[in-house]
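These are the structures, in structure tokens.
Two complexes are shown next, each including chain A; its partner changes from chain B in the first to chain C in the second.
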Partner chain A sequence: MIPLLILCPLILLAALGAVWKARPVHAALLLALALSLIAVLYLALGGGFIGLVQFMVYVGGIAILIVFSLLITRPGDEGEEVARRPKSVALGAACVVPVLGALLYTFGKGLPEPAEGAAPSVPLEKLGDQLFTTGLPAVLAVAVLLTAVLIGAAMFARDFGKNSEPPADS
Partner chain B sequence: MKKPVLTLMLSLGMSALVMAGETGPLVTAESLPRLPQRLVEMLLAAVGGPEWLVQLGGMAAAAGTVVGVFLGAFALLSLIERKVLARVQNRLGPNRAGWFGILQPVADGIKMLTKEDIVPAKAEALLHFLAPVLIVVPAVLALGVIPYGREWVPVNLDLGLVLFFAVGAMTEVAIFMAGWSSGSKFPMLGAMRAISQMVSYELPLMLAALAVVMMAGTVSLSGIVDDQGGFVLGFIPKWNILTPWGLVAGLVFLIAGVAESNRTPFDLPEGESEIVAGHMTEYSGFKYALFFMGEYLGLFAISGLGITLFLGGWQAPLPGLGFVPTWIWFFGKLAAVIFFFLWIRATYPRVRIDQLMRFAWLFLIPVGLLTLPVAAVWHYTGRGLLGWVLCGAMLVVPYAILTVLYNRRMAPATRRYQFVE
Partner chain C sequence: MNPLAVLLTLSALLFALGLLGVLTRRNAILILVGIELMLNAANLNFIAFWRYGPPEAALTGPTMVLFSIAIAAAEAAVGLAIILMVFRHTKSTDLNKLDSLRG
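Right after this comes the complex of A and B.
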């Protein structure tokens, strides 16, 4: 319970900061912070594998991707972003309030009794077994999707390279 | 004022030693590196500390041992590296501070500490400060999970390998922070190069490690080392590097490891002749030294992981050498691997960025992927002639095809560069 009480406010603050910051790089770094804090939360709750994978995928993959795309694009106008803020806040609140309300309503009806004893730990071997037996269709579907995305990205990059050839020297 | 404290500590330490003497030998050659941990635990238990305090103190002492050993090794390596490079280039190297320059690391440390700490006016002060700190943390974390000896595994995690790669992600974020927060163009270019290079070379690194995981059936680094114990024909160790798939995966791991730790010939992120010092350009004093510390600790970590995965970890190279403590074998192998890295650095020129990316995506990743089916075939054929022939063919034929293909399309050619008008 204690890690939950310490980490959850931090996660929320980092996530709010990620939305609030006008400078994209700050927002991206705060997002990375929020994602890594979630990984820490998983670790604190005893989910070793999912915590490390969360860190590897979301901080090592997603956050780096965002950061890298920030590096190779031109920064937008921060003033414009700030000027848009009231509208954004209204829109965000409109999205958040129903979700939060539904959550609170569900909690108000009472939580299910926690299971007896320690949380079940799934050994990695069992996880792998299940992924490649019962979960095989899902794994294959994801694999096909990712391959298609990869090929698509390669073709896109190729066409892009052709069309945007730098002007000839001399 | 301090004397009574000292006396108290000494007497407590002595009593702890005596107590331990009654229950058995305090330390053997094998468990020598764990001596600080056991001493702290006994000391805390002797003063009547609660259970959690004893455990916490033991953990802190174990972590302190690893950090202390590798910081010492870092200081030593900074000297040895310059000595080796000098020897290769027919120079003397540092030889003024102490005998044969042995005090050079101390002199360097004092110089770095006394330098002015400059933060550029355009820099983001907080991120600029955090980046060098964040770059050391993952390296130390990664060093914590490596099994250095049979009885010396600082943190024996079931998920050791996953943790190693997970914390590696932090390095990239730290380099980005350093490059971006400096508010200058060379660090920015260096960070871009570093991130694209590290993302590209992380894939072959993981693929090579994955082959080992497939064969060992575990991601626990201790389990992987145990899997490589024993000898074939009575004298050839069962190290992964001595199998066809392991040899190829090991070479892929070696190359990707050099690139991942940003060392020559893949040190484009800090290419001095092009972008000053890359992401470290705007750093001075001890922050600059921290970047180097991160780089060298990372080098130790990646070498340690390579040894664990492919070179049998702390296993002895020949039978009948069981009387030597296992951690001596580990550090012997580490020294050999580090020397190999220095040798590479002294020999090869820096590659171009397009060569670098092409090499990762068009060669290392296909070869890394190839090691997985080869490892599967090896699993079913077992150690023997059939396995060697089948796996060898599976590796050599695609390699030949790749070579012919790439030689035809991307052979080294004379390039003409023109100034842009």
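Right after this comes the complex of A and C.
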């Protein structure tokens, strides 16, 4: 329970920074921090394998991809972002109030008592068994999806020659 | 304090923050940041219910999270490829300026 109470505010602060910072690179780095802390939370909850996957895919892959994308594109006007802040706060309140309302309603109806004792482990042998027996169609679907993404991303990324020229200003 | 309630609150707030990012940002890449936060909030729910839910749910939560992470990686790769393609043409990732399809 103690790691949970330490990690939760840190995750929220990092996520708040990721959506609040006007400078895009800072926002992306705070996202990487939030994702790392979520991986640590998974490890603290006993999901060791999932924590490592989260760390490798989200922090090592997606967050770094976002940082590199920001580095090769031109950032927008930060002043405009700061000027929109009051509107953002109002919109933020409008997002948070219904979510918290629904949460309080659910808590009011009563949550099941958490299972006591040690954290359930993720036995890799059992997980592999489940993935390649009952979960096989889903594994195949994800494999096809990832192959399609690989081909699609390579097609997008390759140089299209004349097509890549920016349109002439009219 | 019920740890499941703590995790569900964290997940709901993360989702709300992600939604806020999607609704308020103008930079397409930063909108993707908001979407990633929302996906992580959903994953956190799966892990919370796996950890503190009924024991018969066995490995359903981690399995779903594995699939979700794979799909999120695919979504980020395609999303960023499209954004870079758009940037090549328009020299901007500001969504307010991408109005060439507007009637």
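By our rule, the second predicted complex is superposed on the first by the 158 of 170 C-alpha atoms of A that agree within 3 Å, B and C clash if a C-alpha of one lies under 4 Å from a C-alpha of the other, contacts with A are read in each partner's own complex, and residues count from 1 in each chain.
To be clear about the criterion, a contact is a pair of C-beta atoms (placed from the backbone, for glycine too) under 8 Å apart; a residue touches a chain by one contact, two chains touch by 3 or more.
Given the structure is predicted, the values throughout are model-derived calculations rather than measurements.
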{"item": "Clash or fit (per the criteria above) of chain B with chain C on chain A", "value": "fit"}
{"item": "Partner chain in contact with A:G48 - chain B first, chain C second, else both or neither", "value": "first"}
{"item": "First (chain B), second (chain C), both or neither touched by A:E125", "value": "first"}
{"item": "Which of chain B and chain C A:I72 touches, first, second, both or neither", "value": "both"}
{"item": "A:V59 touches, of chain B and chain C: first, second, both or neither?", "value": "first"}
{"item": "Which superposed partner A:K109 touches (first chain B, second chain C, both, neither)", "value": "neither"}
{"item": "Comparing the two partners chain B and chain C, which touches a greater set of residues in chain A", "value": "C"}
{"item": "First, second, both or neither for A:V25, with chain B first and chain C second", "value": "first"}
{"item": "Partner chain(s) touched by A:L145 [first = chain B, second = chain C, both, neither]", "value": "second"}
{"item": "Closest approach of chain C to chain B (Cα atoms, Å)", "value": "13"}
{"item": "Contacts on chain A seen with chain B and repeated with chain C across the two complexes", "value": "49, 53, 61, 72"}
{"item": "Partner chain A, residues of chain C touching it in the complex", "value": "1-10, 12-21, 23-27, 29-30, 32-34, 36-37, 40, 43-44, 47-48, 50-55, 58-59, 62-63, 65-67, 69-74, 76-78, 80-85, 87-94"}
{"item": "Sites on chain B touched by chain A in the complex", "value": "127, 157-159, 162-163, 165-170, 172-173, 176-177, 180, 188, 191-192, 195-196, 199, 202, 217-219, 418-421"}
{"item": "Complex contact set, residues of chain A against chain B", "value": "25, 29, 32, 39, 48-49, 52-53, 55-56, 59-61, 63-64, 67-68, 71-72, 124-125, 169-170"}
{"item": "Chain C-facing residues of chain A, complex", "value": "1, 4-5, 8, 11-12, 15-16, 18-19, 24, 27-28, 31, 34-35, 38, 41-42, 45-47, 49-50, 53-54, 57-58, 61-62, 65-66, 69-70, 72-76, 80-81, 84, 87-88, 91-92, 95-96, 99-100, 102-103, 106-107, 111-115, 119-120, 122, 126-127, 130-131, 135, 138, 142, 145-146, 149, 152-153, 156-157, 164, 166-167"}
